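Shared between the two complexes below is subunit A, which has subunit B as its partner in the first and subunit C in the second.
And then the complex of A and B:
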């Protein structure tokens, strides 16, 4: 049995002992790097050279860097392309697997498989599927459409990468929607059905309003993830970002600029700051859209 | 379910009934609707699982078989494991797998221990600075990893841990989101039992280990699974921190294989099957926790 004195001493020390490992890791590898990213963005630091304070020079350089604008364009297009698909398609999928018909648990799990697989595996699978001589082109040729250069055209490449992102994310957001759909009262559907509303009408005026807050959540999660896209495009377009680097995304640019022995840490940090800023703006936009619809 | 069902009275029991399939609420689903549902389900199944099967099929096709044929042949003519042996001759794929296993296992241990401890402190212990500690983890959860990888890399270099497996594990060793998940799990436990143990003189470690921890096993399993999956699948960070090919994890090794030996699709296919098979097996056994993790993660994220 512990004496009261021991308990009192424990009260002072144990809480910090409990939290110490977590705080140490979070402080050293998340918060300190965050602050040092902000600081480094104002310097000309390189991997092997300590930097000097250069004020906003990195940000001024950004404005004249064509690659930066390419990256910003591609990452923004990615948000516009991926988010609507990831808000709508998983919801339809969730409606499809919602009813407990025989074998449905198998289908639910099978639809989740792409989420479990590593993005590298997924990327390479699709690189092979969309190859000039791959399965998709074989099928297209068989039905008489002819082969398409999915991985050689700048825009088709970006579009293909978006499709892969959507393909991998479907199952994840489906599960989120399933949880939300479980809370929609059946009576609402039945009342609408009695009033003569068809399936489409019931979907629009019962299901959508009932899961609206989940749709906002999915929009927020997927837009932030889409803006930070790296792996899909890196794997499908290659490290240099496709033809003439035209498919480079912002995070690919951060990785390319800031790593290696000649990495321009300062400039890459400035690019990172732009990533932070846009992420915050995206979150605020989604939340604001949510509030405006409510009132 | 439908309008008709609502207004039409039950059929007399004497009429022979077709076998009925009902939904979760015991309502009947019409045969036509059911057929349409299964049709759609099979179509989506082909889209989601088909690509994996195609990859598997490619990896089993022999040297001499044409993998580019049109129309495509879906099944290997003479299935062979030859490509799996060849991929191991080309790159040390089993060493990569071992590295991935080491990294993933370490990530599970550190995340479970670290987030359980910190989560317990945030949920149950009263001390000055508890609010600040909570805020630290919430803020850390909001920082996008992609924005700080460069600074993480320079930090790692300063610590002399770049190009090591320890360096791969450390940044995600105790995820802030896991800490907050554990905190919520502990908060949802009834406090009375711990209070009784406290009155009986059990110290804080005894209360944590004997009473609280056994009650949050489910959440701990979610943390473990997501830590494993996260480490096994991670790409960007290991790509940045590892430069020595002997230290590569599977994902980086596959990228290397693809970049260097892009010509041979059979080899890359065999490599991806090696990388994805363990996770699909894990998922097949522990689905419940995977799905639960999505729910809890989404609410938090």
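And then the complex of A and C:
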């Protein structure tokens, strides 16, 4: 029979034992790299050469690095362009496929397909479509508009990459909205209809308030993902980040600066710290906006 | 211990732990002496060669192990994509293989980090077996040694689409031989095709500046110099081509692969390549293959550009004699020659290029390309400075793009590129 002291001791350690595997994984793969990045950002470490402590020199250099400002601009524009679309369009799509009518499963699956497709494959397909001699330009030429430099103009390239991100993300957020819509009481819609509200009014006055917390969640998730965008822009604009590197995003800059045999690990770490700080601020802003709405 | 202090202590440990990894690199393991008995287990890493040459390398390794029964070679191959990243991860993690396939620009940072064996000390007796230029290609300015055995060389002609030349009113049997011809023909091609067919698909790279006769570095090798009048002249010409769509509008974001595809589809009229490409044309673009024209690389210096592959020995290998012996075995005249018969590459060993295989015609296009390339290799130059890192290449490419878009003058663009490259060079 266990003594009270032993039981007390076991109660003290048991929770830690249960948490240990998770803590170990988080500590090894999240916390240690995070702290290591923080420390590296204060050094001039290179890939093959050990660094020395340089204080905030890397952060001061950032302020005078044109490419950093280009990256910050593009990543911020990406958030502004992608997040509203990813908050609204999947909701409309979810409303479309919400009803249980014959064959609706096909459409739900079709809308979800881009989510499971490899981003590399998706990127290559869109590059072929938008190429100077691709399908889209051929169609535009046929209808007399002429060729458009989707992949050679700095702004069109960024817009095209945003379009791919939205297209690929629609299905994922649609599923989240479908779950939220399932919890909206049918009586509310019926009552609003009896009161004479049309579909638009019911959408604005019943559906939107009911899924508002889900919209905040989608905004938070998509804004962080959009700020950290890499694959879409890298695949469509190329490793150089578009013409003159003008489409480079912050994460692309981290990759370009910190990798390879001559990579500037210290400087790239400083860039990563900035990316982290901005994403935290983004999350806080979204959550704060949500709280303000609630009060 | 109060909770806040405990938290503080944990944070301090977390901060100190990574700092402990940030000390000076130890020179552990390895010896410079290659004179001992050839024995032990070594690892040999190649760069994307297993898919096509597995039997060749298995025979090569079997031959070495037969010659040196005490030695065992483990062969690993890495994909082409991300090879420098793989090397840097291995080098940083202390898991760099004993013998590594490298190019001169990859050797430079490894040598500066003390990870490449100095062959002038460890294998000086083998030096005379290689072409002097090839041996020198793995010497790094600022250091005194040679850090890899030269392996195979490559150079290539300029391919052009005769049908597109004919359509543009150009003589398909008179391809451009000088830069002036090239620029004039390209402008005519763009004019006649209404801007639909470009002649060139890539923006000028550091090699192009070298081939145009621009001095790339100062005489001391301490700074870059491609922003001189000649460099500005070349970029100004490219700007003219870009404005006239004689340089493909997507050139600013092109990669060698994407421009190769444009040449295959007839969107671009000329493209540099190697004898390897003929097979690709035959298989993937038979229409183009029927109309393929082959001409020499255009150069103002009289020296074609060549690419050099090398085999480096890890200075921290525990089996230096075996690693050096194997690196030499892979790159000696006999094995380079047998590799050259399997694929369109050229040996870097002295006298090999005089072999009838590289001098006697048999009437096929492949042989014609091979003989022309072997001839040009005798005085070819690896224009890319070994210290010109990937970051520097990106900086040059971005500045060139700004000049072509008219955002900067060619002079401003090259001044900025040189300033950035010099800064990166100083940072080491």
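By our rule, the second predicted complex is superposed on the first by the 269 of 295 C-alpha atoms of A that agree within 3 Å, B and C clash if a C-alpha of one lies under 4 Å from a C-alpha of the other, contacts with A are read in each partner's own complex, and residues count from 1 in each chain.
FYI, a residue touches a chain if its C-beta (ideal position, glycine included) is under 8 Å from a C-beta of that chain, and two chains touch if they have at least 3 such contacts.
From a predicted model like this one, the values you see are computed outputs, not experimental measurements.
Novice: With the two complexes superposed on chain A, say which partner A:133 touches: subunit B (first), subunit C (second), both, or neither.
Specialist: both
Novice: Does subunit C touch more residues of subunit A than subunit B does, or is it the other way round?
Specialist: B
Novice: If we overlay the two complexes on their shared chain A, which of subunit B and subunit C does A:78 touch? Say first, second, both or neither.
Specialist: In the superposed model, A:78 contacts neither subunit B nor subunit C.
Novice: Could you look at A:32 and tell me whether it touches subunit B, subunit C, both or neither (first, second, both, neither)?
Specialist: both
Novice: Thinking of the overlay built on chain A, is A:263 touched by subunit B (first), by subunit C (second), by both, or by neither?
Specialist: both
Novice: Is A:93 touching anything from subunit B or subunit C once the two structures are fitted on A? First, second, both or neither.
Specialist: first
Novice: Would you sort A:176 into first (subunit B), second (subunit C), both or neither based on which partner it touches?
Specialist: It touches subunit B, and subunit C stays clear.
Novice: Scan A:40 for contacts with subunit B and subunit C and give back first, second, both or neither.
Specialist: both
Novice: Identify the partner contact of A:68: answer first if only subunit B is touched, second if only subunit C is, both if each is, neither if none is.
Specialist: neither
Novice: Based on the A-chain superposition described above, do subunit B and subunit C contact any of the same residues on subunit A, and if so which?
Specialist: Residues common to the subunit A contacts of subunit C and of subunit B are 31-32, 36, 40, 47, 131, 133, 238-239, 259, 263, listed in rising order.
Novice: In the complex, go through subunit A and note every residue touching subunit B.
Specialist: These residues of subunit A touch subunit B: 1-2, 6-7, 10-12, 14-16, 18-19, 21-23, 25-34, 36-37, 40, 47, 93, 96-97, 99-102, 104, 107, 109-114, 116-121, 124-129, 131, 133-135, 137-139, 141-142, 167, 170-172, 175-176, 179, 186, 190, 193-194, 196, 217, 221, 224, 228, 230-231, 235, 238-239, 251, 254-255, 258-259, 263, 265, 268-269, 272-273, 275-276, 279.
Novice: How about subunit B: which of its residues touch subunit A in the complex?
Specialist: Interface residues on subunit B, with respect to subunit A: 1-3, 6, 21, 23-25, 29, 34, 37-38, 40-41, 44-45, 47-49, 51-52, 54-55, 58, 68-72, 110, 113-115, 117-118, 120-122, 125-127, 129-130, 133, 136-137, 139-140, 143-144, 146-155, 157, 170-174, 176, 179, 200-205, 208, 229, 232-233, 235-236, 239-240, 250-251, 254-255, 258-259, 265, 268-269, 271-272, 275-276, 279-280, 282-284, 287, 290-291, 294-295, 298, 301.
Novice: For a test of understanding, state which residues of subunit C touch subunit A in their complex under the given definition.
Specialist: Per the stated touch rule, the residues are 14-15, 17-19, 21-25, 84-85, 87-88, 91-92, 106, 109-110, 112-113, 115, 248-250, 252-255, 258, 265, 267, 389-391, 394, 397-399, 401-402, 405, 407, 424, 427-428.
Novice: Along subunit A, where are the residues that touch subunit C in the complex?
Specialist: Subunit A reaches subunit C through residues 31-32, 35-36, 38-40, 43-51, 131-133, 149, 151-152, 157, 237-240, 242-245, 256-257, 259-264.
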